[in-house]
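There are two complexes below, and they share subunit A, which is joined by subunit B in the first and by subunit C in the second.
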Partner chain A sequence: MKRFFAVAVLIMRKDLRVETRSLELFLTTLFFAVSSVLVFAFGFVRNGRPVENAVAGILWIAIAFAGTLALGRTFERERYHDVLRSLLLAPVDRPAIYVGKLLGILTLLAAVEVVVVPLIALLFQAPLFRHPVLLFLLLLLGTLGFTAVGTLFGAMLVRARSRDVLLPVLLYPITIPVIIAGVRGTAVLLEPEMDLAIVRAWIGMLAFFDVVFITLSLWTFEPVMTE
Partner chain B sequence: MASALLASSTTQGSPNFDRVVFVDVSKHFGRHRALAHVSLECGTGEVLGFLGGNGAGKSTLLALAATMLEPSAGHIRYGGRSAREQGSSLRGNIGLLGHEVQLYPELTARENLEFFAELYGLDQVGDRSSEALRHAGLSSRGDDLIGGFSRGMRQRVALERTLLHQPRLLLLDEPFTGLDEGASSALVERLEALKRDGRIIFLTTHDFEIAELVLDRAMLLRAGRLLPFSQTGESLRARYLDAMRSELKPGRAE
Partner chain C sequence: MFPPLIVLAMIFFVCAPVFIAWAPYESTMGLVQKIFYFHLPSWAAMFVAAIVCGIASAVFLFKGRVIADRIAVSSAELAVVFGLIGLVSGPLWARKAWGVWWQWDARLTMALVLWMIFVAYLLLREYGGPGSEKLAAGVALFGMANVPFVYWSVNVWRTVHPTTNVVPTLVPGMRGALWWSLVGFLLLYALAMMARVRLEEQRAALERIYRELDD
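Showing the complex of A and B:
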C-alpha cells in the first residue's frame, strides 16, 4: 500500500513539475473558465444586480467546462512519444498511475477554482465565502467526483482518434448527478437562511458518488489500459 | 560506482529467469492476424534478431514478450512460468525500447531518468541517473530538456532509461534508428557487454550490416509468420533475400 501511494505521488509530482514548467494546461483552463464567467456576468447581471439563484449554476458550469478541457489533455503527455507504454510496463499497480493522474488534475482544477470562485463572488456580489468550510467541502467533493470519472475516460480514450469529441459525450451523462449535487448544495449555501441539514445532505451525496466513482475507476483502470 | 550499481539487485521482488519461450503464439486484432503460430526460444547471453518488412509482426512480437499484449492463442513462458503466474513483478525484469523514445520532452534528461528509476522502485536514484548519463555520453547535458535534444541523443537517453533497472529480458525495437556512426558503434559495444552479462536480448532492425555484428541468431517474419531462415552461410542480407525469394515464388500460398 505504501508503494502504491509512493507511485501515485511520484506521478502527480511529475505532472505538476511539467505543468509548472509549461503552464500550458493551467493557463488554457483558467482562460476558458474566466471567459465563461465573464460571458455569464454580461448575460445575467442587469443594472448592477445579478439574476437571483444563477450563481451556483454558473460556478459549476465554469468548473465542468474548464474541467473537461483539462481532462481531455490529462493523458496527452503520456500519448506523446508513447510514454504511456513505459508507464504501463513498470512493475507497479496500474491503478496507482490512475490515482497519480487524478491527484495531478485535481490540483490543477483547485488552482483554477482559487481564481474563479472569488471572481464569481465579486462579479455576482454573491456571499460565497459566508460558510468557507462548507463551500470548500462542496468544491472538493464535487471536483473529485467529476475528475475521478474524467480521468478514467481520459485514459480510455487516449488511443481513440476522436477523443476530444467523445470525452464530453461520455463524461457529462455520468457526472450529471455530481454537478446537480454541487449546484444544489451551493445554492442552499447562498440562501439568507441556510439550512445546514440540507447542505450536509448534498455533501453526503457528493461523498457517496465519489466513493462509487473512484472504486469503479480503480477496478476498471487495469483492464482499460491493457491493450 | 558502476559496479556497485550493477551488483545491486534489479527491481525488488522481480522474478528471475534464464530463457524466454514462445509456444505456438498467435495474436489477432479483430479479424487481422498480426502473428500466427510463432514458436521460438532464447536463453541468457543471446541476441535474437527479428527481420522483416513493415507490418511483418515484429513490434507485435516484442509487445507480447513485454506482456503489453496477451496472446490470442499459445503461450509465452519466462523461465518455465507464464506472465500471468508471475504477476506484475515480472515487468520489473523486462526493458522495452520502442519506436518512440518514451521520454517526457518537458523534463531534463536527469529528471526523466530519476522519474523512471523511482517508478521501478530502485535505490540510489541520483547515482544511477548519473551513471546512465555517462553511458549515454551525455553527462554534461543531463540538466537540459529532452525536448531540445536531437533524435540520436534522445535515443541514447531512452536506451539508458530502458536499462536503468538492469532487466533480464531486453526488447529493442529498431534501436539503431536515428543514431550516427559513433553512437551506433557505442550501442553495439553496449549490447556486447549486456550479452556477456547474461541478458536475453530481442532486437528488430532493418540494418543488415549492424545485425551481422550483434545478432547470434536471426528470424524472419512475414505477415505474422516465421519463415524458414538459414542461420549459416552467406551474408545476412543474401540469406534474407533468398528466403524472401522462395517465399514469393509464384504459386506459393500466402
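Showing the complex of A and C:
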C-alpha cells in the first residue's frame, strides 16, 4: 500500500517537475480558460450586458473545456516521448500509474483554478468566496471526478486514431452528472440566502460520483492499457 | 432457435395493437397515453441492452473472450436503436401530456446521457483505429454503471416524469397490454442480438479467410 502511493507520488513529481521547467501546459491552459470565460460572458448576453446568473455555468464550462485540453496535451506529451510504454514496462502496480497521472493533472487544474476562480468572481462581481470552504469542496470534488474519468480516457486514447475529438466525445457524456452537480451547487452558493442542505446534497452527489468513477477507473486501467 | 423465435415475435407484434386498443383509456391523457406501450418497453429493452453490453465488455476486458466483444458491440448498437425509439416516443407523448417536447429534469437528462454514452461507444469503435475494442469496453462499463442511476432518478428527485410506482399499480387491462408489449420488445431485442452477433462472427471469419489468402 505504501509502495502504491510512493509510486503514484513519484509519477506526480515527475510530471510536475517536467511542467515547472517550461510552464507550457499551465500557461496555455490558463489563457485558454480565461479566453473561454470571455467568450461565454459575451455569448450569454441580455440587453447588451452579460447575464448575471450564468456565473456558475461559465465557471464549470471553463473548467471542463480547459480540463479537456490539459488532459489531451498531457498525454500528447507522453505519447511523443513514448513515456507511457516505459511506465507500463516498469515493475509497478498499473493502478499506481493511473493515480500518479491523476494527481499530476489534478494539480495542474488546481493551479489553473486558483487563478480563474477569483478572476471570474472579479469580472462578474459574483460573491463566490462568501462560503470558501463549501466552494473549495465543490471545486475539489468536481475537478477530481472530471479528472478521474479524463485521465483514464486520455491514457486509453493515446494510441487511438482521432484521439483529439474522441476524448471530449467520450468524456462529456460520462462527466455530465459531475458538471451538473458542480454548477447547481455553485449556483446555490451564490444566492443571497444559501440553503446549506441543498449544497450538502450536491456535494454528497459529487462525492458519490467520485467514488464510482475512481473505482471503475482503477479496475479498468490495467486491462484497457494492455494489448 | 431462430425461426421459432421469429414466429413467436411476429405473433406478439401482430397481436399487440389489438391488446393496446382493448386497454382502457387513461383518465386525463386519453388516446395519446397509449404511446406508453411502446415507450416503456423500448427503454426497458435499452436498459437490458446497456447492461448486457456492460457485462460482455467486462468479460472481454478481464477474460479476453472474443465472443464477449461481439456481444458487446451488437448490444451497444441495439441500445442506441432502442434508446432512439424511446427518445422519440417520449417527446411525442410529452408534447401532449406536459405541453413541452422536452424537460431538463433528472430522468430525461440522465437517459439522454446514457444514450449518448453508447453513441460514443460506437463512435470510438468506428473511428478509434485498431485496438479500440478494448477502449470501447472500458466506456461501456461506465455506461452500465449509469443504468441504475437513470432508473432510480425519478424516485430520488421530484421530476415531471412518472415514478417507478406507476407500473405496479396499473389497472389489469393496462397491465396485460404492457407486459405483452414488453415481452414483444424483449423478443425483438433477442432476435436482433442473435442476428447481429452472427453477422459479427461471419465478418471475423471472412477476415480470417482473407488473411490466410494473403499469406
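Quick notes
Quick note on the criterion: the second predicted complex is superposed on the first by the 216 of 227 C-alpha atoms of A that agree within 3 Å, B and C clash if a C-alpha of one lies under 4 Å from a C-alpha of the other, contacts with A are read in each partner's own complex, and residues count from 1 in each chain.
In the analysis below, contacts are C-beta pairs under 8 Å (C-beta built on N, C-alpha and C of every residue); 3 or more make two chains touch, one makes a residue touch a chain.
Quick caveat, the model's predicted, so the values are computed rather than measured.
Once the two complexes are overlaid through subunit A, subunit B and subunit C fit side by side, free of any clash as defined at the top of the document. Applying the stated contact rule after C-alpha superposition, one finds that A:211 touches neither subunit B nor subunit C.
Of the two partner chains placed by superposition, only subunit C is touched by A:161; subunit B is not. Contact with neither subunit B nor subunit C is seen for A:114 once the two complexes are overlaid on the shared chain. In the superposition on chain A, contact of A:83 is made with subunit B only, not with subunit C.
Seen from the Cα centre of subunit A, subunit B and subunit C lie 90° apart once the structures are superposed, a value rounded to the nearest 10. Looking at the shared chain after the overlay, A:152 reaches subunit C, while subunit B stays out of its contact range. Shared-chain residue A:122: touches no atom of subunit B or subunit C. When the two structures are aligned on the shared chain, A:39 is found in touch with neither subunit B nor subunit C. In the composite built from the two structures, the nearest CA pair linking subunit B and subunit C is 5 Å apart. Once both structures are placed on chain A, subunit A residues 227 are touched by subunit B and, in the other complex, by subunit C.
Residues of subunit B touching subunit A in their complex: 11, 13-14, 63, 66-70, 88-92, 94, 96, 98-107, 111, 115-116, 118-121, 161. If you check the complex, the residues on subunit A that touch subunit B are 3, 6-7, 10, 14, 17-18, 21-22, 77, 80-83, 85-94, 226-227.
Every residue of subunit C that touches subunit A in the complex is listed here, in rising order: 61-62, 109-110, 113, 116-117, 120, 123-124, 127-129, 131-132, 134-135, 137-139, 141-143, 145-146, 149.
Contact residues on subunit A toward subunit C in their complex (touch as defined above): 149, 152-153, 156-157, 159-163, 166, 169-170, 173-174, 176-177, 180, 212-213, 216, 219-220, 223-224, 227.
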